[in-house]
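The two complexes that follow have subunit A in common; it is paired with subunit B in the first and with subunit C in the second.
After this line comes the complex of A and B, so read on.
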């Protein structure tokens, strides 16, 4: 408990204090009031990183969830070899972010990568992916969707398995087709899972770092710099510990707001949630 | 009972009419499931394929299958980076953190669930609050704490912040609240103290929850990257993830060796995953909602 207090709660307040200082994190800092926050407001790279983080969330979260629902339904069927299919979908989940980054930097390699080879076969133009300012962020989205899909599928799958069999049978007896039964019975019952995923995926998307660090290093020309990557750069490349703490606090506020909004929405939309 | 024998459900009627049980026929769902598996596994399959190719083979476009198996890449990678050392570091850190979490989180969780003490509610809410705080916020002060403990650039720096996690405390508390109080009361009447109750009554019941906690802690610590990146500088104390990233920096175009290194770093978790797949899934499914 002491450990949690020391490594959990105290640092939050500490971070807030740090954000009002100028410090390189290795020696004692000096107080500078709101200077870091003033710097932040006028820093174009900060705003670019914030916009890109937002864009990343807006792409990553819905794509992951939209793909996860049909896959979860598919993996919920009784078919021979299902253990293998499930394993295939869940395997990326245990693959580390660094390994994912290494693998995708080859897949998305413009000269020798598999994806460009595929595009070539289809007669489509070659792409720059991580090396192009326009495509770096979408490429990061594709990579992280692959990594997170298994998680979303597990959550949906366990929600589907909690749907009482009798409900679906009753729907089919009432003359619902399989598709209609899914839409009218199962889909509404997935609402709590969806609202949980919405919060959880968004919070994690706001904290994107590893994959960016391993593949693009925030580039080219800051095109894939997200907030946490910028925070890291400020703290450990530019040694602006105070400024980094200020970015962290801003991020924290955003995460709190997102959580509050989504919890509120979740409470309003999920009629089926049991207490 | 008698009703079902009189009027069999439509499902059963269809099976009888078909002459053979439905599940014998290969399902059309395979047409969807196979491509799905291929897409999900392709990156991992290619990781292995590249790791056994020659350098020249990886420079071909479009990429094809390797002509033969070049295990040499693994030996070369192993010689050029201290992978054995990094794997050992990762193992030490992960196992210590798992043990720490099992002990501390179980004790703290039990205290929150069963021992009424002054401020326990407030403290538990504080623990929950830290669960909401992203790591990047606490990272900088944690680094200062670690520095003041003179742990910078040691394995201790990787272990200390992860010895007990708010998530673990939360998980264990939730478990203890589901155990019937009567069990403990019976133990107390028989003269067992709190610790004795915990060890001989609770411990046998805790199996699945402890296993969930172990799996998730191990996976988190083993795959962690950001914290080792800022806490460790010397190559001798790097974890496997960080070592791999370091290796990537110096072997940018040597894809076979880089992929051999990547495979090496993933083998322990992938083997663990294949062996205990059901368990992994249950851990995530249950902790996601608990």
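After this line comes the complex of A and C, so read on.
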């Protein structure tokens, strides 16, 4: 409890207090009421960051989950060398973000990267990726989906393995094909896993930072600036500690609301929990 | 610095951001044992040197201690220079600040505000033997805040020069850059050196929008006779014919000629230079050690318009703790004396800090060992006359200009429009909005 208080509660309360101050974080601040929040409402870059954070969530979460289900099903078979395949899917998750970032920067390098070289071979147009204002955020999505896929797969895989064999056998006896059995039996049973992933991935997506920091630095021209990156910039580049804290508090509220909605929806739609 | 190009590679850019990064943790958390204060009565000096530089500074510390048993210093590695500011601020909270520490030039405005930081102005002025004016101008400016106070003594002074691949110049039938090269010569060479179909580029520009993007533009601005701010430092002055000319050159080379490799900030340009894919760099001595042996390269002053201005990245030794001041001051005086520093320069390839170092016999050995450094040293006396303003607003100003430069390089904004926008932002920043 003491640990939770010291490392959890104190910083939360502290940043709430900070958000009502003007402070450079190195010397004592001055109280400024709601000035930081007023500034936030009128700050175009903040709104751009907020929009981009949302867009990132809307892309990242569904894509990750949609890709994870078929892969989990494939990994749920009895095939030789399955451990290897599972490891391969899981590996990106335990790879350090910095390493991932460096590798994707190389792959996505517009001038000398492998991806553009491949596109060239296929006769497709060259892309700008991290250096293009239109593609930087999607490129970050691609990179993070790759990084998080393993996590989603593990969750789905464990859910699939909890599906009682009798249920599937019963479905088969009743004349269900493999595909239909999956749709009618396994998929509904994945609902709790899905609602967990939805919440978990969304929270993580809203807090996106590392991947942006190591690849695009929020650029080009703010095109991949998300809220936490903007917060970092305000706090530790511009030394607007109070303003950064205000952004943090806004994000905190957003996460709280989104999570509450998701849990509520999840409870309503999950077939599993009522039992 | 030399030995670890990644530390130095993006020196100033990284400094402004990461150097200050976890700063809050250090100051707010009031715990951090980190400090060492005095050990066995010796004044503690923190440095972030590694490899050859660490060896050299340790040796100098021993030399000093042998000669001054009553004024001992304890030269210790205080963690990477990137973290120096953070650690120093944390040490203030814990009450165990070092007597001397190596600090990035950009840290001076933050540190000058703190009580622990020693104002050296009167010491410097009352010690003629220290020969303050013997230091290269960029080094002096780097240790001075706009109010004229001196808060450090020079520890390192770098600058940018044109580094080029001789083989690519030969292949393109171009003669090597001269000290009088104009922007037109430069642009022309860039165009002839590049071959987009073979992914070869005339020039590389770090385009991540950080200080690394900004400082090369600032050098160009100065070359065209412009300046960042008005003399009183109250308003932006870069939205001028000179500022426009510099932006236009970037636009012409990157957007019209496609002769510029735009580096996202991952330092890929150095690998490409090593593979003969980039003809010219604007870089400093720290990048030279990273150039492969089989690449025959030359160094030259930056091209010019009105002049051939370069931009320096000076770092300082700063003094903390009043109680340690006498010993610390005696030590840094000796460390920064021409004789001692030349010894350090010989061992490490760091550039001389003082003009008089270049008069010493040992300087010829330095040039023999680091021939390409000659241009950088000459730059210090001839072309590194201006410096970026040492004001607390600088990081914000840098961001605004970084965005403008980025927009132009990517062809998203026309040069004049980019300048207008940046000027508005900078004026607002300076007005305290």
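The definition used in the following text is that the second predicted complex is superposed on the first by the 272 of 275 C-alpha atoms of A that agree within 3 Å, B and C clash if a C-alpha of one lies under 4 Å from a C-alpha of the other, contacts with A are read in each partner's own complex, and residues count from 1 in each chain.
As a working rule, contacts are C-beta pairs under 8 Å (C-beta built on N, C-alpha and C of every residue); 3 or more make two chains touch, one makes a residue touch a chain.
Since the structure is predicted, the reported quantities are computational estimates derived from the model, not experimental observations.
A.B. asks: Evaluate whether subunit B and subunit C can sit on subunit A together after superposition, giving fit or clash.
C.D. replies: They clash.
A.B. asks: Go through the superposed model and pick first if A:131 touches only subunit B, second if only subunit C, both, or neither.
C.D. replies: Only subunit C is touched by A:131; subunit B is not.
A.B. asks: Hey, is it subunit B or subunit C that touches more of subunit A?
C.D. replies: Partner touching more subunit A residues in the overlay: B.
A.B. asks: Can A:181 be said to touch subunit B (first), subunit C (second), both, or neither?
C.D. replies: neither
A.B. asks: A:217 contacts which: subunit B (first), subunit C (second), both, neither?
C.D. replies: second
A.B. asks: Considering only touches as defined above, state whether A:72 meets subunit B (first), subunit C (second), both or neither.
C.D. replies: neither
A.B. asks: Which holds for A:57: it touches subunit B only (first), subunit C only (second), both, or neither?
C.D. replies: neither
A.B. asks: Determine, under the contact definition given at the top, whether A:235 touches first (subunit B), second (subunit C), both, or neither.
C.D. replies: both
A.B. asks: Return first, second, both or neither, reflecting whether A:115 touches subunit B, subunit C, both chains, or no partner chain.
C.D. replies: neither
A.B. asks: Quick check on the superposed pair: does A:102 touch subunit B, subunit C, both, or neither? Answer first, second, both or neither.
C.D. replies: Both: A:102 reaches subunit B and subunit C.
A.B. asks: Per the contact definition in the header, classify A:157: touching subunit B only (first), subunit C only (second), both, or neither.
C.D. replies: first
A.B. asks: Can you give me the overlap between the subunit B contact set and the subunit C contact set on subunit A?
C.D. replies: Touching subunit B and subunit C on subunit A: residues 14, 25-26, 102, 106, 111-112, 235-236, 241.
A.B. asks: Along subunit A, where are the residues that touch subunit C in the complex?
C.D. replies: That would be residues 14, 25-27, 102, 105-106, 109, 111-112, 130-133, 215-222, 233, 235-239, 241 of subunit A.
A.B. asks: Report the residues of subunit A in contact with subunit B in the complex, numbered from low to high.
C.D. replies: 1, 3-12, 14-15, 18, 25-26, 71, 74, 77-81, 83-100, 102-104, 106-107, 111-114, 116-117, 120-121, 146, 149-151, 154-155, 157-158, 196, 200, 203, 206-207, 209-210, 213-214, 228, 231-232, 235-236, 241, 244-245, 248-249, 251-252, 255-256, 259
A.B. asks: Help me check something: in the complex, which residues belonging to subunit B touch subunit A?
C.D. replies: Contact set of subunit B toward subunit A: 23, 26-27, 29-30, 32-33, 36-37, 40-44, 46-47, 50, 58-63, 104, 108, 111, 123, 126-127, 129-130, 132-145, 147, 160-161, 163-166, 169, 219, 222-223, 225-226, 229-230, 241-242, 244-245, 248, 255, 258-259, 262, 265-266, 269-270, 272-274, 277, 280-281, 284-286, 288-289.
A.B. asks: Mind listing the subunit C positions that touch subunit A in their complex?
C.D. replies: Touch list, subunit C to subunit A: 16-17, 20-24, 27-28, 89, 110, 113-114, 199, 201, 207-210, 261-262, 264-266, 268, 272, 277, 392, 395-396, 399, 403, 406-407, 410, 412.
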